[in-house]
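Letters A, B, C and D mark the chains as written, and numbering starts fresh at 1 in each.
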Amino acid sequence: MPILAASDLRKSYGDFVALDGVSFQVHAEEFVSIIGPNGAGKTTLINVLTGLLRPNTGKVFFKDREITGLGPQRLAKLGIARSFQLVNIFPEFTVDEFLQVAIFSRQGKGTHFFTPRGRDHEVRNQAGDLARLFGLGEKRNIQAKNLPQGDKKLLDVASAFALQPEVILLDEPTSGVSTGDKNKIMEILLSASKKMGIQSIIQVEHDMDLVFSFSDRIIALHQGRILADSTPNEISRNEEVVCTVLGQKECFQIFSDLFGKKGLADDG
Amino acid sequence: MGTDIINILFSGIFHASTLFLVAAGLQVVFGVQRIFNMACGSFYALGAYVGVFFVKTAHAAGLPPALSLIPLIAAGFFLFFIGPIIERGLLRFVYDRDETFQLLLTFAVVLMLEDVIKFIWGTSPQSTSELYLVYGQITWFGAVLPVYNLIVIASSLFIAVLIGYMLARTRFGKIIRATVDNREASEALGINMKVVYAKVFTLGTVLGTMGGALVIPSTAAMTEMGVELIVMAFAVVVIGGLGSMKGAFFGAMVVGILRSIAIATYPEVELLVIYLIVIGVLVFRPEGLFGGSRA
Amino acid sequence: MKKTRREFVKMLGGTAVATSAMLATHGEAKAQATKTAKGVPSEPVKIGLLPVLTGVAGVPGLAGQRAAEIWLEQANATGGILGRKVEFYQEEETSPKDTVEKFRKLTLQNKVDVISGGISTAVGLALGPVAEELGQLWLSWDATTQKGVEETMPQTKYSFRSVDNEMEAVGGGIMTAKHFPNIKTVAGINNDYSYGRDCWDTYKAVLTHFKPNVKFVLDLWPKLGETEFSSHIASIKKANPDLLFSSFWSGDTTIFFKQAAGVNLFQKMKACFCTGGGVHDTLKKDFTPPGMILGYNSFYFKWTDSWPLMKWFVNKYYTKYKEYPSYEADHAYYTLQAYKAAVEKCYAISGAWPTKEQVAAALTGIQVPSVSGYRGYTEDNRMECLFFQGITTHKNPYNFVTIDPVEIMPASQIMKPAGTKLYDWIKSWKS
Amino acid sequence: MAYVHMKNPKLWVFLAVTLFLLIMPRLGSQYLSYLLLTFLGYAVALLGVNLLFGIAGLLSFGHALFFALGAYMVAFLTTKFGVLHMEAILLIAIVAGVLLGAAIGAVCVRYIKIYFGLLTLAFGMLFYSFLLKFYYFTGGDEGMRVLRPYLLGMDLSAVPKMQFLLGKYYYYALAALAVASFAMWRIVSSPFGLCLMAIRDNPEKANYLGIDVRRYRWYAFIISGGYTAAGGVLLAPVLGQVDPTLTYWTHSGTLVFMILLGGFNTFFGPMLGAFLYIFLQDTVMSLIPYWRFVFGAMLAFIVIVAPGGVAGVIGSLWKKEAARDSARNNADPGSERSA
């Protein structure tokens, strides 16, 4: 049984069609990457899957339950979390507070009106571990707004992990991060998801290097349609996909390079 | 019977026409700058006081009462300068802040202007005497209507049309509409927001002062008229829909006519009915009854 | 109205004697202030003032404050009180809450000997208990401690209240019955607060007492400080009564007449504005109709020929402020004059500067010549004075209306006696 | 508040202020003590208003409604229902505040920013016109008298009013403030408090973390309703007479003004604001008749230059100090802003 399933999703803004009949399934233990040129509908898809947007038609299922347009808050409770393409944080919060608020929410302690949060050692420790896990151990008392860009991004992702969801959707987790750190971040994500028993990861990613080296499956979107949905190997052989996703110009060059797994030009 | 209906509707429309001017000032500022300007009531009061002052001086200088409309309109325009003073002097510092702080800043302006008026004119009501009746009356289906009220209605309709034209035809109007729809976009288009904001706020100010100046012959300028009116104007824009000119127009009509019907039928509910409608609108149709979008 | 004449004579009794004496103190000031009498401290007397300076009541408030200034000038020029110079400590009367704080400040911080002021009855209701609690002399200008038409503090020690709220309405009712005996239907427009409501109820009671089959066809309640009456006027036209009653007392009176004139409301309709005289000099001839009842409360500036003190005061006031004073002027003036008289009365007996308690005792039942005839305090510490109402006329040298004939009604005629319920008292009249 | 070591200057200030409040009515002038009484009432109310404004980021322009509700409750219960025990009155008023808060809040929290402000303003004015119009029930503009309540079951009607207010009642109110502050302290430093701040800073993100934004705002509104009502209750006996101006929209403005003056993003800021406002108004009012202008200018200055209010300014000075310390021996920054 798939953990997350989308069936024939359609979403249009005015006369611009963002999603045009998208259907796919994600199963346990899968790391799925969604690729496609800008405006292919990647972020719209994430927003629909996480209930921020309601599709015009089509359904979303979590396990066997329909969750179409259920809303992020409810989904978070069910076990679907996400991170954002553009840094999305609580600027005034310290790293600790940031992670704690997520954990409190997960444990349903949000409505504890009178218990001093400082004394909740369980949560403090969990937050601490998580911070260390994401390499923020030294920065636990720094306000989020004062963190470097890369750490902000990590913090955003970490807070999503703090919910210990079954499915996590990451919208360009490495965008705005120096090329050198990208692999490191990916490693962190994978190990974290192992530790926290996260069933499957769905990510939108532009860096083909990362995509091809980490994904179990790749879904290529183009103009709101699924162009291909297959393993990295399949995809890499699929000239059409590579060319649409990466644009004609570099096409041949890259196509040959693909097997040599050399770094591709990464557009923002 | 018919006479009564005319009287009631007419008085409602008269009230509406002054409400519209102030509400329009509120709307244009909110539409473009996303600032809910509580001080628009104080502008109205200022307009009234300066109106009286201008008319009195004009009479003293021997201007026949029949021409008093000129000093009144002059007073309305004369006060344009407080627009830039407040916009450049105060508001511009908080454009990047949360709406609530901008609201509080205009509240501060309300407090200050109230005392400015007290300082200049004292507390006793100011009024012009002959002016109101000099234009005489007309009788229409047995209902006696003071011509001056017709003039006020006419001029505020005229201003409404003028604004409508300005928004639809002129470049400035296009910029305003663009900004209302999408501020970022118009900024991106390289429009100088500084200038636009200054202009828009001044326009809003003049609409308020003009309302005060035009209404004064039929009434008297009193210190608390500003604080009283803002609540009414606020009801108008909420009912009409924040930021929408059309909203200001119809909102004013609703409030004005409803009030005068209430007074004619169940005087007790005069105020209550308006607040109830406001809450009803905010609850069930926050975008307002007449256009306006965002909630 | 036999009662009237008798009362009137009584109140004026001894004018001949009084006048000369009064003019001695009130006549043009002698420059040098005498030094304090023995047994009297030398430092100045501190008097707290609480005038309203904003909002609707700012108009009468200002009149009161100006009159107080004139009194101060006068008093200090003629040797203060027992030779003690007088000083004012002024705070603004605003909401009951804030005014209570100001009252406490004047008492505890500035340690004033007496506090003069208070216009809003809402404020009065709050100040009364505080004055008693602090043992502070409080001489109200216009504020009572009435809840509706009933007294909440039947007997006070330190609080000296103004005349009862509904007196103008009682007078208006009597005047209406007398001058417009043939009216059949009456509409009322009054401010939407207790004073307005009490006046309307009282007026209805009084008029019904004299004219049992008058019908009351409409009552309107614009808020205090309303500036837009065309809707109200429209619905008055709809009801089309023979007479319109109103207890408006502030700027809204002027506005109402103006907008009424705009649609010829008073072409046939009679009117009784029992308190409108509060803003008499803004009631311009070009929009205020003649032939209607207008009340000036307790001060009619043109009464000068009958009362030299008023002539003196009106001239002084006019030369200083280019306006003719309204009733609040004498409410204020009298409270100060009464305090002075009471202190001197006590000194005459004890030969020492009196305590607040002694002054309070002396004030009860006092009668002093003030600028609108004799004024006094009843046994239950309510102000007593003359009330002036009349029929508006345009036959005068001013650009605003005045009244002729002038009817003078003493408090004892139109103010309910101590301890009686208003409506029982009205029923008890023989008509 | 992680922990407070004796080096912490805040602790000393706190102790000094407490001492001041305790001994003031014994040493200081009676008048100043009266001002402090007023302060106590407002302080309790502002704790509630600021939970909404400072912590949850919702600016209410109608909270005077709850303040007036509390004050009128005292009048009604003492005069009409003969309920004289202050504890009972407080309880009933708080319940009333909570219930009304729940009702009004349910409507208001669907909106934020301007719309929230306008909606609350509308409710405030609705209540105002209700108090004014239903003359025979509420006493119209004259309002209602407040009888002297029993404190802890003690009938103190024999005591002279001033002794009562500046004696037992003062300490009663002070105790009430202490309890109220402690409870509010617990609330803001609870997980709930943290969630509210998260909502204030970034509702979308909070939503994605599984926090039911609207519901939490509603809770905050309800709590603030109860607190503000309690504040009104404490002030009523000091006034002796309650009237509708207590709920006019400008009074709601005053409440916000106080918070801003003191500082909305610190725990004690609002109280400081109430204190400053009351004493400033007292002095300025008697210095010049144009105190509104002065206060308007002051508000403008705060909004533009020092949105953190007085507490904010002091706080930033402290930070500088702390920074200079940490240069020498690194102090732990964790104890900063947990309020």
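The rule is short, and it goes like this: a residue touches a chain if its C-beta (ideal position, glycine included) is under 8 Å from a C-beta of that chain, and two chains touch if they have at least 3 such contacts.
What you see is a predicted model, and the numbers here were worked out from it, not measured in a lab.
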| item | value |
| --- | --- |
| Number of steps on the shortest touching-chain route linking subunit A and subunit C | 2 |
| Chain labels contacting subunit A and also subunit D | none |
| Comparison of B-D and C-D by number of C-beta pairs in contact, larger one | B-D |
| Centroid comparison with subunit A (C-alpha atoms), farthest chain | C |
| Centre-of-Cα separation between subunit C and subunit B, whole angstrom | 38 |
| Where subunit A and subunit B are represented by their mean Cα positions, the distance between them in whole Å | 51 |
| Between subunit D and subunit C, distance of the C-alpha-averaged centres to the nearest whole Å | 40 |
| Of all residues in subunit D, the ones touching two or more other chains | 133, 289 |
| Residues of subunit B touching at least two other chains | 114, 118, 268, 271 |
| Residue list for subunit C, restricted to those that touch at least two other chains | 53, 223 |
| Which pairs of chains touch, using the document's own definition | A-D, B-C, B-D, C-D |
| Subunit D partner contacts - residues on subunit B that touch it in the complex | 34, 36, 90, 93-94, 97-101, 103-105, 107-116, 118-119, 227, 231, 234-235, 238, 242, 268, 271-272, 275-276, 278-279, 282-283, 286, 295 |
| Subunit C partner contacts - residues on subunit B that touch it in the complex | 3-4, 7-8, 10-12, 14-15, 18, 114, 118, 122-125, 127, 129-130, 132-133, 137, 144-146, 148-149, 215, 218-220, 222-225, 228, 259-260, 263-264, 267-268, 270-271 |
| Subunit C partner contacts - residues on subunit D that touch it in the complex | 29-31, 34-35, 38, 132-133, 135, 139-143, 145, 160-162, 239-241, 243, 245-246, 282, 285-286, 289 |
| Contact footprint of subunit D on subunit A as seen in their complex | 50, 71-73, 76-77, 81-82, 84, 88-94, 97, 100-102, 104-106, 109-118, 120, 141, 156, 159-160, 162-163 |
| Contacting residues of subunit C [partner subunit B, same complex] | 53-56, 58-59, 61-62, 219-223, 225, 227-228, 230-235, 237-238, 250-251, 254-255, 258-259, 261-264, 279, 282, 284, 286-287, 399 |
